[in-house]
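Chain naming follows the written order as A, B, C, D and E, and within any one chain the residues start at number 1.
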Amino acid sequence: MTETVLSVRNMSKQFGGIRAVNNVSFDVKRGEILGLIGPNGSGKSTLFNCILGQLRPSSGHCEIKGRSTDGVRPADLSLMGVGRTFQQLSVFPKMTVLDNVILAGQEHEGTMLSRLFGPSDAGLTKKAEQLIEFFRLTPYRDTEAGSLSYGQQKLVDAAMAFMAGPDIVLLDEPAGGVNLTMLAHLKERLMTYNCEHGTTFVVIEHNMEFVMSMCTRIIVLAQGEVIAEGRPEEIRTNQTVIDAYLGG
Amino acid sequence: DVKIGSIVELSGPGAAAGTNFRDGVKLGFEEVNAAGGILGEKVQLLEYDSQTDPQVSRAMVQKAIDEGVYVITGTVYSSSTVVNMLVAQQAGIPQFTGSEAPSITQKGNPYIFRTAFGSQKGMPKVAKYMAEEMGIKKVAIVWANTEFGKGGYGAFMEQAKIYGFEIVADVPTEQAQTDFSADVLKAKNSGADAVFVYLTEEESARFLREAQKQSIGLPMIGETTLIGAKVIELAGDAANGAMGHVGLTADAGIPAVSEMVARFKAKYNYTPDHNAIKGYTSAWTIKCVTEMIGSTDRQAFADKMHGLTLTAAECPGVLMDTSWDDTGEMSRESFFVVVEGGKQTVKAVLPPN
Amino acid sequence: MVEFLQLILSGLAAGSIYALAAVGFTLLWQASQTINFAQGEFVMLPAFFVLVGMTVLGMPMWPSVLFALVLSLLILGVMFKKLIVEPMLPHGTLPLVIATIALGLLMKESVKEFYGATAQPFPPVFPQTVYNIAGASISVQDLGNLAVSMLAIAGLQLFLNRTRTGRCMQATAQNPAVAEILGVNVKRMVMYTFLVNAALATVASVLISPIYLAKFSNGETLGLVAFIAAIVGGFNQIRGALAGGLLIGVIDNLSAVYISAAYRNAVPLILLIVIILVRPQGLLGTSEGRTV
Amino acid sequence: MLELKNVTGGYGRITILNGTSFEIPRASITTIIGPNGAGKSTVFKAIFGLLTIHSGQILLEGEDVTRRKPAEMIARGVTYVPQGRNVVPQLSVFHNLELGGITSKDQAKVRRRIEEVMDQFPMLRERRDQKAIELSGGQQKQLEVARALLLDPKLLLIDEPSIGLSPNLVQEVFQTLIRLRDQGVTILMVEQNAKAALAVSDYGLVLELGQTRMHDRADKLLADPRVGQLFLGGHIEDAA
Amino acid sequence: MIPLRRLLVGIGVAALIVAPIGQGNYIIYTLSSWLLFSIAAMGLNLTLGYAGQVSLAQAGFMGIGAYVTALMTLAGIHWLFAAVASISACFLIGLMLGYPALRVQHHFLAFVTLAFNTLLFLVLRNEEEITGGSFGLVGMPRPDFFGFSTMKNLQFYYFTLVCFLLAAGVMWWILRSPWGRAFKALRENPIRAESLGLKIRRQTLLAFAFGSAFAGLAGALQSPLVQFIEPSSFGLIHSLKLLLMVVVGGAGYFFGPMLGAAVVILLPEVLRFTEGYYLIIYAVLVIVLMVYSPGGLIGLGRKLYDWMKPGQEARRDIEQGVQL
């Protein structure tokens, strides 16, 4: 259980004069739940986007499950078993909740041609319905996702990240706007996946209770650099982190 | 009633030509009706819009036939006529087209008749005049790269071979082109003795203005479309000095034509071009020829038309003596004119060929 | 060399006209995120208002131009905004694009039905004097057009970027919901945009028509060229329209002589495709920023 | 200050608010909590004139303002910070701020206030001329909150300000709200971060299925076992 | 499909079969043209309505199909092979035209495709040796199938109808397979779609390729129907016309394009009594339709249906209650 699934080496990203991510390196082992925290604008989302191929890093590189991700398209990463969510709401607004969730799984089943010629649904609908039920969205199954409330859309987003049964999931603020009860629920699901399937999670979150209670390890970014790393209790008491991020 | 179908370009790029033709036809039949109709029956004109689209024109001809028309007038754009004349031919309906592309009368269709020369008739007259009267050797040719322009271009090039013109610049232009500076420049710098211009009216006007601006200093020779009244109106004094060959023109100085033009202007409030005159004469031709054969028999009509010479004396509406050969091609006298002081001046009357 | 100079001068002259037509596109895009497929017709129409003023109402030229301006503001500005754009803004771009296509058709056909299908001569605004520069000719008219389009574009650029109203217009275009919440009078901003566009179209029309001649179908070609110019220059910068317009004008002339007259229309199109592929924001445009 | 009487309304044919009623006093902070999809944001839209209201009344300082346009609500001193991201993407940070004061007659004062909020959120000053779209999620939220503070509103409607903000900034925002309240501003806030929000609030309000279920002093709600249970699972009815 | 809808489709097909019986040539010809434009519009609906990729080159693809078919049938090759070649050519060129779509979206894409359409026109016009230039090609034969001739208009109509039904079937199949969902995802949020494993490049290209292939089939039918083709029949204006068909009918609805094609083709006929004004009226109608119903005619139908159903609905979660 000590295999490295994600390894980031000297990753930097510049936008014009702004160094959003500055020489960041870290490793994530299988089965970890890694928290990524830091003040606003410290480069967390940018780091995710560089890792996942949405942005091209200015320098540095990264390996997932031993494969370099240089130039790999986001779709291929997803097919390699890397799931993610975005910080901003990102559902398919004019598609039903069910279609949203099924879509998250369908590209992982069969081939391009079999998806056209043999539309057996490979249990996708059932699985999607279960996830929808789990996130308490059943009444909205056939509603257009764009007309859900903020928190509900966040939940659809989370459901989509689980649909394909990924090995490693990168979540960008999954808790934002989610009701506390549902949040507990989400946490439970994360932990179950983590225990049962050994799924690795990297979570960006500003909700400290959520992060502290769940993560096995936390990395703190500030101005694009790693300023601290350690177990939750270490981070909670780290003075640099308190000054830069947690506040009084 | 006698039903006549008018299928022309009332919308799309051909609308200007089509509307002129249609209005000519309308004016013609109104006068025919006022003069007692055809064989005592009123003419009912069914109008169709081909949208300058061959496919639609075909449908419209089909429709006119389904509605039982006696004769069809139109279309003006050759690309449409080539298609829809097949339908009319199948149904045995005589058709008066305003198109000038040579190929139309060369297909052996016994029901198609022209209302103006095909360019293969006009070009020899111009070329002959250029070679023999003007002594031109090197020619720059500016032409519209459309089916209209290409027809004229082909016919001119054939004559150029015959008369041994050297083509020093060959400049195709686009439909509705507005900027002619490059084209004028090319013609100007080509070392030609004269520029042969085969464009539609508006483009001709723009060309003439640009030529004036760049002081081209070469004679510009063309067809009706270079020196017609419309062009003169649009190009203003830039048109002075342009010359060319015209078939039936409003400015030919023939009283019958001038009177018709005056009536047209009074009714439609604009100056008709040669398309309107084509339409007008076709209306009267239909009346006169039908009354000659004494019945509205389409086959007899078509047969009668072949080899017919209709004089202005027996049928004033044709405005000038006109003959059709057995391909439906027509011929009559025409003119070589120069624009002077904003007016067409006839330099020579060219005999029918 | 003279030939080359002539081509450049003529190209710039033609290009300034394209720029005037193109600036309307960029304006509408920047200030209402609308693509107006009827822009060419917008430039075609005011010339006929002038002609109506002169021939039907018997007014002299300049009062007729004023008359045309007022009519354009009413029809192309107020009516277009109230009857078409405003009710359709919430529906997204596609229906609006279709509506503007239909509107273009409507304007074209109306002019044809009510004024006539043939081209009309149009009185020149500038004297017809032609200057000779090192063997190449350029007319006062060309210089005037160039000057007017540069002024119009510079003025507009300043207005949009340097005034609060200009920025409110941009805010309205980029995020109408937020603009409304902040108390921007969204409807009024959209109205300003369309009034400015209508005024620009009138200016363009009056400058263009002496050269193009007034004809119902002028909008077709002009619209297309203006589109290309706007995109090549950069859709989200007003001054992009000027750069694009001039560039297209010059390239068109050069390619007619040095490449192939039959394919002269292809050159700007290829330029368009290349620009979109290598620099989608256009020559002077700026990138729209982060997407994730 | 603000009173909703039996408001029903919704989107298209679907009714979301089923007779929502509550009243909030002047110069107080009230926090609305409730599950996702309860209709909290919808209440804000109803007040601000962005929702089709079928029946009921909304009173602002005793005056009926039901179905008024947003512009009118702004004129009456109501400011609204919606959920999600709401910046003008291609305008600079400074110009976004300036838009916040666009309705003010006194532009000199707006300039002054811009300087003040930039002092409060130093990040904004650093990025004064950057396009808003280039900011990170939390930075955009800061911009939005700052923008809402420019005018001196009578009533501030603020929908989940904590989403995306780092903990120290959340505290900063809450403290600012308290200061505003002390200056006499009435604040209505939606928060999922209930404990922290109720701690700075005077009143709390629980919304469920578009209806007010509880409405009490914040400290009482915090102490209420039913509310505790609400966030640990179970139905309010069961708890009652 | 619910039985009611199945029944309606059945009735529709039956109506298409009896429609031309006893009608004049013109009506039959117009019906055939409607069917073939429906095929092209259906393709555009896939590209635009479902996959959200704006294409202003659909008429260009019809042109490619029409020219390929014309050249091959004039050379004596059977229509069937010519049609297959047309469809394949359009598929491949569509695939290529899709490449710009990978880089640009929305209006930029519209202009790339617009440029392509105009370029194609120039090539068709200038390469006279092959395409006949602006004179076009005339006299394409109508095909024979094992002794069944389609020379007469009525026969040709049934031949077109068969092609139409096949095309509609294929379209329906694509849309209800997972590909349909993938196309929609591409339209709604390509970035998210890609992060879920959807190869958006490939899917975009396919949206273009399939959409164009339908246009290829339409072109292959147009050649023998009109028996004359020339470059300007496939100009930009016709691409706009196809766009109009799709949107007026209802983009993103299966039956939208067919309805739209009917309106665009038949409305001039219906409005003919207004003489010169029909285009004006037509334009006004389109604008009014777009203003009131951006979902086109089908959207309008739905609106009316909704409007007639009275009253309010309860919120979705009211029955389930609060599940905390």
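Operating definition for what follows: a residue touches a chain if its C-beta (ideal position, glycine included) is under 8 Å from a C-beta of that chain, and two chains touch if they have at least 3 such contacts.
These figures come from a predicted structure and were not determined experimentally.
Q: Between chain B and chain E, how many steps is the shortest route if every step has to go to a touching chain?
A: The distance in steps between these two chains is 1.
Q: Could you tell me which chains make contact with chain D and chain E both?
A: Where chain D and chain E share a partner, that partner set is A, C.
Q: What is the distance in Å between the mean C-alpha positions of chain B and chain D?
A: About 75 Å separates the centre of chain B from that of chain D.
Q: Centre to centre, by mean C-alpha position, how many angstrom separate chain A and chain D?
A: From the centre of chain A to the centre of chain D is 28 Å.
Q: Approximately how many whole Å separate the CA-defined centres of chain C and chain E?
A: 31
Q: From the mean C-alpha coordinate of chain A to that of chain E, what's the distance rounded to whole Å?
A: Each chain reduced to its C-alpha mean, chain A and chain E end up 41 Å apart.
Q: Would you mind listing the residues of chain E that make contact with two or more other chains?
A: Within chain E, residues 126, 191, 276, 279, 316-317, 323-324 contact more than one other chain.
Q: Going through chain C residue by residue, note those that touch at least 2 other chains and give them in order.
A: In chain C, residues 109, 262, 265, 292 touch at least two other chains, as defined above.
Q: Hunt down the residues of chain D that sit against at least two other chains at once, touch-wise.
A: Expected reply: 35, 37, 134, 230-231, 233.
Q: Okay, what are all the chain pairs that touch?
A: Touch list across chains, by label: A-C, A-D, A-E, B-C, B-E, C-D, C-E, D-E.
Q: Which part of chain D faces chain E closely enough to touch in the complex?
A: Contacts found on chain D: 10, 13-16, 18, 35, 37-38, 54, 208-210, 230-231, 233-236.
Q: Quick check on the complex: what are the chain D residues that touch chain A?
A: 11, 34-37, 41, 83-85, 123, 134-139, 141-142, 160, 162-172, 192-194, 230-233
Q: Which bits of chain E are touching chain C when the two form their complex?
A: 48, 54, 100, 103-104, 106-108, 110-112, 114-116, 118-119, 122, 126, 191, 236, 240, 243-244, 247-248, 251, 276-277, 279-280, 282-284, 286-287, 290-292, 294
Q: Within their complex, state which residues of chain A touch chain D.
A: Residue list for chain A touching chain D: 15, 38-42, 44-46, 87-89, 140, 147-152, 154-155, 173, 176-184, 206-208, 245-248.
Q: Would you tell me which residues of chain C are touching chain E in their complex?
A: Going by the criterion above, the answer is residues 35, 83-84, 87-88, 91-99, 101-103, 105-106, 109-110, 113, 224, 227-228, 231, 235, 262-263, 265-266, 269-270, 272-273, 276-277, 280, 291-292.
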